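Mind looking over this structure? Questions follow.
Chain IDs A, B, C and D follow the sequence of writing; residue 1 opens each chain.
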Amino acid sequence: MRLSVRAELDYSFAAPTDLLLQIEAAAIPEQIVEDSSLLLPPCAHVARVAAQDDIGERIWIRAEGRFLATYQATVTIQRLLADIATLPSVPPHMLPGETVAYLMPSRFCPSDRFRTFVDAEFGGLEGGALAAAMRDWIAGHFSYVPGSSQSDTTAQDSFVSRQGICRDYAHTLITFARAAAIPARYASVYAPGVEPPDFHAVAELFLGGAWHLVDATGMAEPGAMAKIGVGRDAADVAILTAYGCAEMRAQTVTVEALGGAA
Amino acid sequence: MRLSVRAELDYSFAAPTDLLLQIEAAAIPEQIVEDSSLLLPPCAHVARVAAQDDIGERIWIRAEGRFLATYQATVTIQRLLADIATLPSVPPHMLPGETVAYLMPSRFCPSDRFRTFVDAEFGGLEGGALAAAMRDWIAGHFSYVPGSSQSDTTAQDSFVSRQGICRDYAHTLITFARAAAIPARYASVYAPGVEPPDFHAVAELFLGGAWHLVDATGMAEPGAMAKIGVGRDAADVAILTAYGCAEMRAQTVTVEALGGAA
Amino acid sequence: MRLSVRAELDYSFAAPTDLLLQIEAAAIPEQIVEDSSLLLPPCAHVARVAAQDDIGERIWIRAEGRFLATYQATVTIQRLLADIATLPSVPPHMLPGETVAYLMPSRFCPSDRFRTFVDAEFGGLEGGALAAAMRDWIAGHFSYVPGSSQSDTTAQDSFVSRQGICRDYAHTLITFARAAAIPARYASVYAPGVEPPDFHAVAELFLGGAWHLVDATGMAEPGAMAKIGVGRDAADVAILTAYGCAEMRAQTVTVEALGGAA
Amino acid sequence: MRLSVRAELDYSFAAPTDLLLQIEAAAIPEQIVEDSSLLLPPCAHVARVAAQDDIGERIWIRAEGRFLATYQATVTIQRLLADIATLPSVPPHMLPGETVAYLMPSRFCPSDRFRTFVDAEFGGLEGGALAAAMRDWIAGHFSYVPGSSQSDTTAQDSFVSRQGICRDYAHTLITFARAAAIPARYASVYAPGVEPPDFHAVAELFLGGAWHLVDATGMAEPGAMAKIGVGRDAADVAILTAYGCAEMRAQTVTVEALGGAA
């Protein structure tokens, strides 16, 4: 699958401000970035640093005044796909060291509080079958309601309110998975078919010895997502983090499936 | 400074349970582990994985029944020390990539909510002077009250209740620091002089281009702490994490300063 | 049903402290307090004020040093009982004014967050059938675990952790009921059969034009409970509230069913 | 002081919905409602019930479709005013029974968590002097930022974020006061000078044996406020509470000081 991606950010900074930008499709084996361009306004400082798990890059920028960033790329997705329901479980004591951090509770995913629920609701299931049941539980119990959550909404809040947007679906699935000792991380992605068009976010679960993208909203397919970055939750992979006052004026995202080799 | 360290954990597991144990002083350049021994009961499975930032190791264990672990070591501390109040600040856009994750809010450190407070209370200060002011603010406003916090107490809870134990002091300092764009992580350590004797925890702040241990409780000195591990907050470096039911029967920690080369 | 009730509180106050004590079975039409005695130590000040909804009394006390209070009473319960599942609903717009406060969220019952859950889980049910379904849902999904909650645990916390003690069961039922526009209050009671023996707490729901006691723990029967007081939640009807430092040394409660006219 | 008050609510209800409306200036001794009119659309059901503490009325309405309510009134304020800093304290054990409920924590005012802070920050002060210090602390540490809080923001959230609107200022002052054993309730009012023009909310503290309005935002004077109703916090005195889906289309409030007898 080939994707054509375009994103425009239009911000304004009243004073010189440090920004962290993470907006580009990551150049990693599972997806080939064929061509890409990132246009930034003249800035006092621009520096690239590796992003979490070496998936993609974060860009440090020091900016002032109007800030218009335009990114576009063509990406060919060639990740291995699997029916997650069939994947075997990995017992915790056999988990690789680099996945352990993704067992821990994080800012928006307080998995330490969900063990009883997960045991009671999904007891008896394991591995991929368990992950699929969790995904389906969320899909069946949540409503997708734009505007129903805020930037500090946690999975505990969403579990109670039973509504949210992609980040909330992802946070809840990650929280459930960690409570069942399945490593789970948050992936910021580009995907076609997201309604309304925007950046998208899904969970990525460690099953059968590898990471697998799982979208509890059902809006996107793992074979048609371009990863921007991963982290413990939304706190780690914000598109733009400003260390100071920022005014968002506009933001547009367009993702088009070009077809092509899967 | 040389430390003699001894810890005994006495747990019981009714069913076969996966454990994550992180109890040994890390073998890293800033501290030499001269001798050490870790005695574990016969277990179905024991595997070591690198811990966070490659500081120390986590041990995966599958255990059942009585679980008695005894660790002892002699550690020579030779870390570079500094008067943190004099350290220069590093502007966010010049931070190394590996420190960026420690700017983000985490489970017990919701730094995203503290920017206004930090700006208002500490505005005008930077770098080490700012960090020292934050440490002193906590020391001056908090009371050390064993039993006043639980395993899910956050820095927001502690900020309101104004009391806690070492983990709460560390979480609050980490939260303040991140809100001011200073990378901050949580260090689990052995230190003499902790009252009552127990594992200890402090903040570690990235100042002047390096990490510096800072103890807002005032109980321990950076030159006399043996690091066990680091993480975003207490969720990452629990001494023992059980994926199942655990009963803690007893836990004792002894740390003795042997003196010697600083 | 006649109950023999006895409670002993043993506290200690290092400095002169204002206390609010609410420990006596209320003298109200639905229960006859045949005989009762409350023994207090000599105190600087004792004053009785009517408690919430004029059900029982609160006692203001100014005490210092050792504080030993002993209460005993014989109470005949003669409340009207009903199978709550059969009670009709009262549409909100026909609710009496004095019940309206019990529709509102309170400290431990954030019912404003539970509307979506309640609609989704119990949609289609009304009045007593709805209340019974909520009670049964809690009984079926929660585990009664002494020590699993703290004094500031909310119904939202319990809903996630799926465990608690009588106050948590009551808070959760109250929260569900209010979210469905059924007035619900918290009743502090004496009841036989509570294990371990202690003060007990249940929900009281306004159904079919009257208040009905409902115990989601299943430990006590409405016909065998002596009401101490009611409130919006546990915050309103603590047995003892101290405005200063209090040390609880011991507390014992004994409730015996004497049989007799129902 | 005479006030001319006008409020228009424009809502829409897709299905028949029960509403609770509390929008009229209360007819109570401290303020004379000289003339008033409330225009409602034809509704299936309209019933008045006494509001909390018998201050004003709540109106139950069953409505469907477009709902346009227009209220206007002229109110003469003749409440007794005092310099609150000079008012004596009432020791808790001498508080009248009807004020006791206003010592308890509530949904948005978790005063149980603030005792340590209040003791540390305001220790040594009592009664009116304490209340004035609390009011001034909030005025000095908070910023008035429209849009910075949501409908479920608590005083704990505001204490950390240090910003909010009138409800948040009132909640924080109420929380502080209750933590110091001063009864405190929430008053929904009309007041001139509110920017932007809207319904207003302030704290009302029980000092020197009577209730006194205190506005920590500094926007309104007790002698120029027309009370709509009181409650434990904003949960109790919402202008409009809908038991079902509501769409707010527009809401306008105009309050004009006509001068006249104070």
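What we mean here is this: a contact is a pair of C-beta atoms (placed from the backbone, for glycine too) under 8 Å apart; a residue touches a chain by one contact, two chains touch by 3 or more.
Given the structure is predicted, the values throughout are model-derived calculations rather than measurements.
Listed here as common contacts of subunit B and subunit D: no chain. Because subunit A and subunit C share one sequence, their contact can be compared position by position; here over half of the interface residue numbers appear on both sides.
Subunit C and subunit D carry the same sequence, and matching their CA atoms takes a turn of 180 degrees, rounded to a multiple of 5.
Centroids of subunit C and subunit D (each the mean of its C-alpha atoms) stand 29 Å apart. Subunit A and subunit C, compared by their mean Cα positions, are separated by 45 Å.
Centres computed as Cα averages put subunit A at a distance of 42 Å from subunit D. For subunit D, the set of residues that touch two or more other chains comprises 113. Interchain contacts close the chains into one ring where each touches exactly two others, per the touch definition above. Every pair of chains meeting the contact definition is listed here: A-B, A-C, B-D, C-D. Contact residues of subunit C toward subunit D in the complex are 18-20, 45, 47, 49-52, 58, 60-62, 91-98, 100-101, 103-107, 109-110, 112-113, 151-152, 181, 231-232, 235-236, 243. By the touch criterion given at the top, residues 113-114, 116-117, 120, 141, 143, 156-157, 159-163 of subunit B touch subunit D in their complex.
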